[in-house]
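The two complexes that follow have chain A in common; it is paired with chain B in the first and with chain C in the second.
Let's turn to the complex of A and B:
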């Protein structure tokens, strides 16, 4: 079984090898273990990039392999971030409150502690009561479950309704986008109980690890992101290869024909949609502790569109393509918009990359779609074919 | 007929006021080879759409098998699993996948996503794939992308996928369209052989091809049966001559 799996997916070994080498090199160069050539903030950027690669391969499976152009998978990513963020905020605030109440004359009652935590967290939105959705925020285990189950359930219910009605193509994309928009508007409201547009913050401070430096904690998160990406890659490679993958790609190419072969197309789509949403949730839960803050703008439709752009540029229908696209575009994006890219002085006009990056990104998306529909990953295909051709002759 | 497999009776269907099928009744036995002919718009394709669950009729009954199951409440995939296979007019094989993958997908086997994902109960696949590919003459092309096949080969692959499904009833829409004479002959052989053990319904325009099938013919016109019998019988029928030649 193992042998045939690797034989069907030659990219898996190469990918795992490259990821392992990358992880080791970054670890050696990081501030925590040695040379300090990679600053802690850049280490966080790299760790976040790995999480973006993970959500990108999920997007590739749902869009590139199954043909569902979902414009909502970054919302599932955000929900994963919110789910872990609730525990991070609660547990950290609880620690701070207990320290400050220790000096009180009388030992504080549990109710006093809860009230103090509530007013600390929800003071910014003029409230101190815990909303119902925070009921499990004290428990890391339950919030970790929520990271997977909440995006999974949402995707399951939404997908069931949409696929059962046989909504496909652009109509389905519009529907997923509407879902994403509704979700981000809902999260923006103060009444929702997720601190409105303030979002959740201070997520980089991990409760229980206060005595560790950020350099060390960041490295751990970087490792966790690398492991998650590796596991996600192997999982999706397994799903999209073999007969299941064959059926999924067939659904992408001709859904009606697959139905006449006797397959319940809706069940397959629902499985893929839900599984990728859960993986997106995990990726988000690893991303936001490294970013430190999450707010509803993160789950706005534009984020999901970027996700589709990464996959298109990297190359749909090949997992490593999604990784390349997400890593390249997101790193370039932070370089161009971070102000480190040199402005170009044309004499009559100065091109400021902070303004022009989006134009460049849009332009490259159009060019890739028109002239390189296989994206960057297509280059590997061409090389592979050349080598195979050489062998055959 | 005592061994009736499919019974369509009194079926009508209307699209936006246009009566595509009008009180249609057809019975297919098992095994049987049947050709369905008729001018454009006679309702041949709609008939197949109704049997395979793509179109729901306004009235009438469609009953399948010795247990007399009604097909009307079933989805396309349930009907396919019940044992009805369909070949479309345009060859619709999955061009981005190899011939082997195409056949493997069609093989009569478990269909649920979890069963397929974990490869449960998927046994003796390779020899079944061989059996089918030998039958359609594509064994040497098993590892080829099916998009690279010739038009005729794609048609055979699709017939092969039908055979792999091991259905009791095969509905075949214009299998000989765009084929060379040699390819037509091969296709006729395939269908005649398949009809030895199961029911095969062939929709065809081409009279020469129908003559070679040498089977009972049903002529459709304006959504109902105009004539039924041997090819010579129906071609001498006055109504049929009027419909085909009178206009």
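Let's turn to the complex of A and C:
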């Protein structure tokens, strides 16, 4: 079985090989091992990019393979980040509070510790009580479960409602966008207990690893992201291959026909939608400790649309396309908007890339949609055809 | 004739006498208090001035308050003074004669402090109520309205009869009712006044009534006879047992309980050698351990004992908790309670009406934002994610026009058609260049138009910067239509409502009554058949898309008038607009109207339950829409039969 899966998907091996080489090279060049050619901040950028690639292949599976243009998967990504962020913030604040309460005359009671943590975390939104949703924030295990279960459950409920009433196509996209907007508005509120638009911060300080330098911790997270991407890639490659994958692609191409053939279309869609949401949550949980801060703006509908943009530019319906698209566009974005791209002086006007990058991105996006619907991945197809003698369709 | 002569003579003799009773003379009686006024002495001065039969007292009081009264130190005479560089222009208080002195040596200024100035202003009111200058009378009434007090009642009543101006008279009578209700001495008169007030919704009257109904919380073993009791408080219903006990403690009727903080401070104070009450300090890290240690201290007599639950219950049982009106007369408080009940009923009606107006105006904004989308999305089946950016373009067009044409009325009249033209052109260009190629790939239309939206948004940011630009409405649209203190709506919102109605009519007319509309509907239903009937579907699609975009531009001007114009304003409306169209039912103008009304009213309704949190209202509104689509997937007004297609 394993052999046939690999045999049918040679690209998986190539991808894993490329990822392994990349990881080893980056590790050798990182600050932690002494070469220091790759700064810690750039290492974090690379690690974050790997997480974005992971959520992009999830998006590719749900859109490129199953035909559901979800404009909400980046919200699941954000929820994963919030879930892990709650533990990171709680545990770190607990450590700080323990130290500061040492000086008190009496040793602190558990209640006093909780109160102190509460006022530390929620003081910024004028509260000090722990909201219900923080009930498990003291436990890493439970919050790790939440990383997977909360996006999974949300996707399950939303998907069940949407697919059951046969909302499809653009209507479904709009509905997912509405869901995303609702979620981001929910996170924006001060009284929902997630610190409103302050978000969660200080996530780069991992409790228990205070004595390790950021260079080392970043490298560990980079490795974790690479492993997660590799596992995710294999998982999705497995899911979309074989009979199951054929049905999923058939749903994309003609949903009604698949239904008439006797398949439970809704169950297939629901499975894909939920699974990809869970993977998006995991990707977010790895991303935000490297980013250090998460706020509701990250969940806004626009972020999910950018996710679709990456996948479209990289090439839908092929997993490596999503990886290429996400890596390329997000790295270019951070290069252009980071201010390090050279401005172009036209004599009468200076093109500042911080101002014009989005214009370029938007235009290239329109062009890709119009003329290269297969995205960058289409180039590989063209190469393939050339090698095969130009007869493959 | 002789009598007249006698009168003249008497006046001649009286004149010097009257002069002795001049303002200056009265002031000299209180020279010390005027020159260095204080809260203690000012009342006496004002009392003697109030009874004095001389002119110019209001002017003097104003001058005094404004620190324009100076005293010549050589003879103690007071002058009204205008400072003129180093010198002073002196005005005699009685004759009004002006003299100028070169410098202010030998003069000292009376400088009343803020408290004294307030007293003087209060005293001025009674003089000003009958002042011939109407603006001063109005100012006096305003000052009464701001800070009513019992001593204003008599001067106010006295001034009503001679009042020539109808508006001022009405205001005086209104204030007289309020003051009588609050400060009157006669019970029947007060009740009559309170009854008169009961139909009034103004904030002022509500303040007066609740002032009369002010209550205080008391606790006593038994209620004293002369108390006007508002309510007997039941423990666990009206107040918690803890609160009740705290009240007892505060009144000194029961011993204080020992709080957690007390325990900590007592224990901390008695730490010795790392031990307290024979227990190691390090073990005191639970509440139970701390209680045990404290008990030991109590047993040793080193701490105040706990109050046992039984003692607490007994203390609570032995006392009655009640609230009593500050006003001792129960007839008056009963009348006020009735008035308050009547007002609150009217208030509820007014608030409901106000909420309805709010919801209507929100619905018309959503309608304006969505109607263009309803045409492109509903009629043509094209998803235009750049629709919000067309709204933004329209708003910026309005802004640019206002920069060129300074007259706001003219500029709005120019901006509306110009915004239509600009976005019409943009829409046509977009249809020709992009959307035409994607008619059979709706998801890709969504993405391509999103790309255009990013470009337009960033271009607007590059051109106009990130800060919000104002779109100023003309004067005749400023302000609000105020029905009373509860119900009011700004004219801009009314204008938007009218505009929305106008567009509803216009679009219905175009679609149902014109050649273009007929062709649009034909192309919508069956492009192939329409083409074989000689209709050019390309041209129709282009025009329809242009029309939808053009309306977005006009909506942009309207929305820009009441919200700030930013490059991101379109993004704020796009999701709501899509939901409006989807909820209403795709492909139907009436559906869009129904969708906008439903969403507008739902959102305002949710806000009403939780007014401080509009974000929550939006969140729940979206959830509501998602659920709504479960039950009516095709929207409120679903097309039936062949037109529904699929």
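As a convention for this text, the second predicted complex is superposed on the first by the 389 of 393 C-alpha atoms of A that agree within 3 Å, B and C clash if a C-alpha of one lies under 4 Å from a C-alpha of the other, contacts with A are read in each partner's own complex, and residues count from 1 in each chain.
Rule of thumb we're sticking to: contacts are C-beta pairs under 8 Å (C-beta built on N, C-alpha and C of every residue); 3 or more make two chains touch, one makes a residue touch a chain.
If you're wondering where the values come from, they're calculated on a predicted model, not measured in any experiment.
J.: Looking at the superposed three-chain arrangement on chain A, would you call chain B and chain C a clash or a fit?
T.: In the arrangement built by aligning on chain A, the partners chain C and chain B fit side by side.
J.: Determine, under the contact definition given at the top, whether A:260 touches first (chain B), second (chain C), both, or neither.
T.: First partner only.
J.: If you stack the two complexes on chain A, which partner ends up touching A:250: first (chain B), second (chain C), both, or neither?
T.: Touch status of A:250: first partner only.
J.: Determine, under the contact definition given at the top, whether A:182 touches first (chain B), second (chain C), both, or neither.
T.: A:182: touches chain C, not chain B.
J.: Given the overlay on chain A, how many degrees, to the nearest 10, lie between chain B and chain C at the CA centre of chain A?
T.: For this superposition the angle at chain A equals 100 degrees.
J.: Look at A:302 in the shared chain and tell me whether it touches chain B only, chain C only, both, or neither; answer first, second, both or neither.
T.: second
J.: Does chain C touch more residues of chain A than chain B does, or is it the other way round?
T.: Touching more residues of chain A than the other partner does is C.
J.: With both complexes overlaid on chain A, what's the closest CA-to-CA approach of chain B to chain C, in Å?
T.: Value for chain B versus chain C, nearest C-alpha atoms: 5 Å.
J.: Starting from the residues of chain A touching chain B, keep only those that also touch chain C in the other complex, and list them.
T.: Common to the two interfaces on chain A: nothing.
J.: So in the complex, which bits of chain A are touching chain B?
T.: 239, 242-244, 246-247, 249-250, 253-254, 256-265, 267-268, 271
J.: Hey, which residues of chain C end up touching chain A in the complex?
T.: It is residues 264, 267-268, 271, 281-287, 290, 383, 385, 434, 437-438, 441-444, 446-448, 450-455, 457-459, 461-462, 571, 575, 578-579, 582, 613, 615-616, 618-619, 622-623, 625-627, 629-630, 633 of chain C that touch chain A.
J.: Flag every residue of chain A that touches chain C in the complex, lowest number first.
T.: 69, 105-111, 158, 161-162, 164-167, 169-171, 173-175, 177-179, 181-182, 185-186, 188-189, 191, 301-302, 305, 308-309, 312, 355-356, 358-359, 361-366, 369-370, 373
J.: Give every residue of chain B touching chain A within the complex, in rising order.
T.: Touching chain A from chain B are residues 52, 54, 75-77, 80-81, 85-86, 88, 92, 94-97, 101, 104-106, 111-114, 116-117, 119, 122, 161, 165.
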